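Have a look at the structure that comes next, please.
Labels for the chains are A, B, C and D, by order of writing; each one numbers its residues from 1.
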Amino acid sequence: MDAIILQILNGLDKGSAYALIALGLTLIFGTLGVVNFAHGALFMLGAFCAVTLNALFTLSHQVIDPSRTDFLGNPLRVEIPYLVEWFGEATGNAIIDWSVPLSILIAIPVMAAIGLAMERGLIKHFYKRPHADQILVTFGLAIVLQQVVKYFYGANPIPMPAPDAFVGTYDFGVLLGFDPFSIMYPYWRLVYFLFSLVIIAAVFAFLRYTTFGMVVRAGMADRETVGLLGINIGRRFTIMFAIAAIVAGLAGVMYTPIVAPNYNMGMNFLVLSFVVVVVGGMGSLPGAVLAGFMLGILESFASMAAVIDIVPGINQVIIYLVAIVVLLVRPRGLMGRKGVMED
Amino acid sequence: MKILTVEGVNKSFGGLKALNNVNFSVEQGAKHAIIGPNGAGKSTFLNCMIGRLAPDTGTVMFGDISLTGMKPYEINQVGVSRVFQTPEIFGDLTLLENVMIPSLAKRDGEYALHPFKRMEHDAEIRDKAMHMLEDVNLENKRDMTASSLSRGDKRRLELAMCLSQDPKLLLLDEPTAGMSRADTNKTIDLLKRIGDRGITKVVIEHDMHVVFSLADKVTVLAQGTIIAEGKPEDIKGDPRVQEAYLGGAHL
Amino acid sequence: MLGLNKKDTGLFLFVLALIVFAPFILNPFPESSDLARFNAGYPDLMQRFVIFGIFAIGFNILFGLTGYLSFGHAAFLGVGSYAGVWMMKLLTVNIVPALIAAIVVAGIFSLVIGYICLRRSGIYFSILTLAFAQMSFALAYSVLTPITAGETGLQLSLADPRILEAANASGTIPAANFFGLEMRSGFDWAVGDWVFTFNFGYYLCAVFMLIAFYISIRIFRSPFGMMLRAVKSNQQRMGYTGLNSKPYMLAAFVISGMYAGLAGGLMVAVDPLAGADRMFWTASGEVVLMTILGGVGTLLGPVLGAGMIKYFENIFSRLNESDLNALFGFLPDFIQAPLVTVAQMFVGDGWLMTLGLMFMLIVIFLPGGLLEGVQRLGALVSRKKKTNEPSQPAAAPAE
Amino acid sequence: MTLIRKPLSRRSVLRAGAAGGALLATPTIFTSRAWAQSYTNEPTGSTVTLGFNVPQSGVYADEGADQLRAYELAVEHINGEGDGGMMNTFSSKALKGNGILGKKVVYVTGDTQTKTDAARASARSMIEKDGAIMITGGSSSGPAVAVQALCQEAGVIFMAGLTHANDTTGKDRRANGFRHFFNSYMSGAALAPVLKNAYGADRNAYYLTADYNWGYTTEQAISEATEAIGWNTVNKVLTPLGAGDFSSYIAPVLQSGADTLVLVHYGGDMVNSLTNAVQFGLREAQANGKDFQIVVPLFSRLMARGAGENIKGIFGSTNWHWSLQDEGSQAFTRSFGQKYGFPPSQAAHTVYCQTLLYADACERAGTFNPCGVVEALEDFEFDGLGNGKTLYRAEDHQCFKDVLVVKGKENPTSEFDLLEIVEITPAEQVTYPHDHPQFAGGALGTCNPGA
């Protein structure tokens, strides 16, 4: 029982990331009709917003410490961050410590700008082109973005610790009446889960309760009709693209303490999140979220030792297996509409 | 002899009853029109006949074959062809190819996998296709891609595609919708000409001019129910029809 | 000729000439010049050109004609490779059984997967094929290690039974051959400062590519090919025309799967190792890119696309800083240094950047792929020649 | 025209022709084996070409980059430039600083992408196009085994880079291939006694193993070694490569009754699984009345950097570390550090050694002929390359040398100073018979000079 609760927790967490990425993908697909293979790259760029801010915070100048030596036997140069120098040890280190959450503040404008630039500069010209062309051009863009990041940050994962306040684990086992240490769950992962719920809720509320959202939803249902009403749907769609970029970026920022970011992290998520979107049903936002969490939890269950013992390799293929079964049983995914992307 | 018999067909979408216990039959060789106001269920009715939609209840018999539950290609193979409201053609293919495909389907059945057969050697199909294009006056455009045609030409092409199969029953869904008067008249002439080949036709139409030029029998559908049936002249005068649909204005 | 019309015969002869003279065409630069590093006329890369040409031609029969975008075609190539290596391990290093097994096994595999995936269309079909391929990859990499040798790749070893061969007492694994002719045999021909390599493995693969290309022309021109194009154009209409598109689709899927299997078999024939990596989704993506890059639905396009991607992958990725310095050596230092720094982003480990940019540029400016570029150039030239001829939008026949 | 069997080569042929002036005399010449070469890519000009085949893209790109740095350094030293590095401390003095056998060393590079196919393609093009006489490098066992087999077929020498799986010199060993790096068995043999000292003989170990060849052999090696000192294996779970988030594998560990977690992961997976393990509080947890412990069999400093704080206090093994105090290591670290500004990694060290060893073997053999080189390297004993007295064993072409057991440093002085050496396990302790079950099923075959 405790093992199952634990894997549900794990699945919710994994599902959060899937859901956030799939949500953005679906927004872009639903509003713009564009298959965006660069969406994983947006997730990765978000993560590197955090890396960059952390690097800025830890900009240092070198002080020579004659009492110690470096690997060549020269006096050791010690790096002192400017922040520490300016604000004192305590405040300076606290700012550095909180660099991941603080990155949200810069990630929003940066990702919005990237999203706008992408849509206006590139995607806009591909609305009427075949999906294959969209896939190719965004895939090309994803590669380029990756390579640029790799050029500046290298290929190795870069550790991004969570703020000290969130380091450590919460013992659900005790809370639920199991043995101590049976259901340990890291605080930051709980934060990530809650954070993703907030973002998902915000996106839905935005679409539901604002005029803007209503027009966009109408546009998702039938783009031409709304265009006939004389509403400048194109500009609203541009903004939607930026919002999708922000959602992906924030998902990336907050993910950094969970898995150290590297330039390739977007590609790893890309294929999976497409599977998520399709399983949820192309163009269905609730479908994307539902499928994200569902696949996350199933993936977690499939990685339990007891399950692997019964079906070896199931942990490697579970997502694809589920995708196949869902698509064969429900032709348009869990909540897909008819006629979307079928030709 | 009845070529098409529809009995007790019902079809609902969600709560909306689109067809309500429709009974309907077409005589061999007849030119039968179905008319009705917008939303009367005409297209739904047609779709139920050709397997695009499955009726909730009821049967559709073609001769003594039940069409219910058959796949569209099976229905076509027994001899039912259809012209759509918006022309359904192979836009990327040439006109000649557009007409050859139905001929091949007629001759070789629902599929024939001959990866190495050479098309230009199939004189029979080719000649027939050319002939059909001539019939609809499109022979000069045979090497153009179909999507580049005007709407009227597309419709004629589609007609040629259907005719090349020598169907026993031809269903036409508003064959002149959106056409200019001149084009409409040309199409009427064309359709009259096929009438001479003994093909049974069912036409769904909006334009009374077309209906009265083409049909020898008219069925009126309103709100999913048949409200009148008879010769065109009788229908013209039927008050129920006038009330439900015509409102006297068009006549 | 061979049942092709005049235009197709011309195309076929053009490809034949390309293949026969590839050793010259690919080695345009003298050996001692700095540009020699852009020469591509060595056996490995020449073999890759034609093998991936076969793969792309086959993929194009499915994607180009029917518009069904399979995102898992690399699985068939991988399965073909495994089948090929197993034949070489169990029977003989003569490549004939290996190739037959590769084609047959890939055919069966694609029949099963195609039967399931073709129940859906559009992106749902793509995701289904992707899912199957990724499952194949993941399992081949891990759980199926006893059959596939997993990460290392399946290769020949001294202890293999090779039951059709005489016992091998020497300490060397026999080389893959075609009735005694070793795949790696060949000769060099030096002309002045040029060296041209003629390799048996390459020419054998090239013969297969010619056959594959010929079959593809015949398919394109057959009623079967027309039906496949009809599927792409309007699948609904097909149904109402009395045609069952499923057998056509499945046949196209299996044919292209067999092409992939042949490519996989040839890969192990010239280099007897089958790695799971060649089934990874990026490998499937690669053949999609090759086809689109060259020109979807055209006969020649996929071959060009395959050549271009393989060229970049193999030549650009191997340029390093010292190569760049040598290339730009004629420039003054103050230009050379920054130029080398910038160029480094695009070569060596940055070759992916070049590839990514190239995709974007071609998709943006040449939606019909490289072949459209060639045609536009051709049109430009001919327009200059006869300016009085009225220009009209040409109906795009499948080339 | 008759086809003449000729293996893969060209440039060297041309150089030979040019040297003889024959090419200029007649317009066309068919070259053949009889005329040109007695072995693949025999260098006939004034230079000899080596092929450095390292991952430049993908997750091991940074290790590949570090290897390339070391190669450049080695080439410099062999050609007599720079400070000579470990050439000065190397016990064999055959190298004279004038290249190899008087020929200047030049090199070509390629990208393995850490994929077997790409690695082989890259190696083939180096051999066929560039006339490389030796291929070296790599940061993963799959490509290493694949390229080793290729070199065997083509008739050139393969000096493996970073490859740790037993198979490279076990079931997939080849006569033309040599490995300086240590292997899974050695990790187990070196780690077990240290673990026993630190954590006691009564431990229940839980294995998370990368689901591919290296993972299997390493898991087997470690579990056999630890079971021999009395540990109990609770469970072994295979994890997919590149899983990213390992939480669903890590989380159940505490419920399993295990008190020690062995992470048989390398590279990015190691960073992620270790980070996850620390996040899930395994370091602070108690199990079976003991402090929970984590072990990482194969450490790499470059990877340790990715894991950051999480690596502190964790045991693992490594082939070499720059903080070693012997003359060779210090000379290498100095020479590398002065050139690049940071200390070398173990990947850099092993490929530097391999290059020197190859060059030295050619000098001693007096030829580049692979069979001569093989003979010179087999049962070659040397010292001064940072791992103490070392033997290149003839039976499997594996180096036997000291293995380092290291621990994540508690108070690092710099971003490079992440590991501290706990013990230098002497070579004898990690030596095994060449037909040890973990290495069974392979045969070297005979050396292949190609041509």
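Operating definition for what follows: contacts are C-beta pairs under 8 Å (C-beta built on N, C-alpha and C of every residue); 3 or more make two chains touch, one makes a residue touch a chain.
Everything quoted here is computed from the prediction, not taken from an experiment.
**Q** Using the mean of all protein Cα atoms as the middle point, what chain has its own Cα mean nearest that point?
**A** C
**Q** Rounded to the nearest whole Å, what is the centre-to-centre distance of chain B and chain C, using the mean of the C-alpha atoms as each centre?
**A** Whole-Å distance between the two chain centres: 46.
**Q** Roughly how many whole angstrom separate the Cα centroids of chain A and chain B?
**A** Going by mean C-alpha positions, chain A sits 52 Å from chain B.
**Q** How many angstrom lie between the centres of chain B and chain D, each centre taken as the mean Cα position?
**A** Computed from C-alpha means, the inter-chain centre distance equals 74 Å.
**Q** Rounded to a whole Å, what is the gap between the Cα centroids of chain A and chain C?
**A** About 34 Å separates the centre of chain A from that of chain C.
**Q** Touching at least two other chains at once: which residues of chain B meet that condition?
**A** Where chain B is concerned, no single residue meets two or more other chains.
**Q** Going by the touch rule set out above, which residues of chain A reach two or more other chains?
**A** Answer for chain A, listing residues that touch two or more other chains: 150, 312-313, 316.
**Q** Which chain D residues sit where two or more other chains touch them?
**A** In chain D, 57, 61, 211, 238, 240 touch at least two other chains.
**Q** Got a list of which chains touch which?
**A** By the stated definition, chains touch in these pairs: A-C, A-D, B-C, C-D.
**Q** Going by the contact rule set out above, which residues of chain C touch chain A in the complex?
**A** 67, 69, 116, 119-124, 127-128, 130-132, 134-135, 138-139, 141-144, 235, 281, 285, 288-289, 292-293, 296, 345, 349-350, 352-353, 355-360, 363-364, 367
**Q** Report the residues of chain D in contact with chain C in the complex, numbered from low to high.
**A** 3-8, 10-11, 13-14, 17-18, 23-24, 27-32, 56-57, 61, 64-65, 108-111, 115-118, 120-122, 124-126, 128-129, 140-142, 145-146, 149-150, 152-154, 167, 172, 175, 211-214, 216, 238, 240-241, 441-446, 448
**Q** Touching residues of chain C toward chain B in the complex: what are they?
**A** On the chain C side, the touching residues are 3, 5, 215, 218-219, 221-227, 229-230, 232-234, 236-244, 246-248, 251, 255, 395-396.
**Q** What part of chain C is in contact with chain D in the complex they form?
**A** Those in contact with chain D are residues 31-32, 39, 42-45, 48, 138, 141-143, 145, 149-153, 155-159, 170-173, 175, 181-182, 184-193, 195, 197, 200, 271-273, 275-278, 280, 314, 317-318, 320, 348-349, 351-352.
**Q** Okay, in this complex, where on chain A does chain C touch?
**A** 35, 122, 125, 129, 131-133, 135-137, 139-144, 146-148, 150-151, 271, 274-275, 278, 282, 312-313, 316-317, 320-321, 323-324, 327-328, 331-333, 341-343
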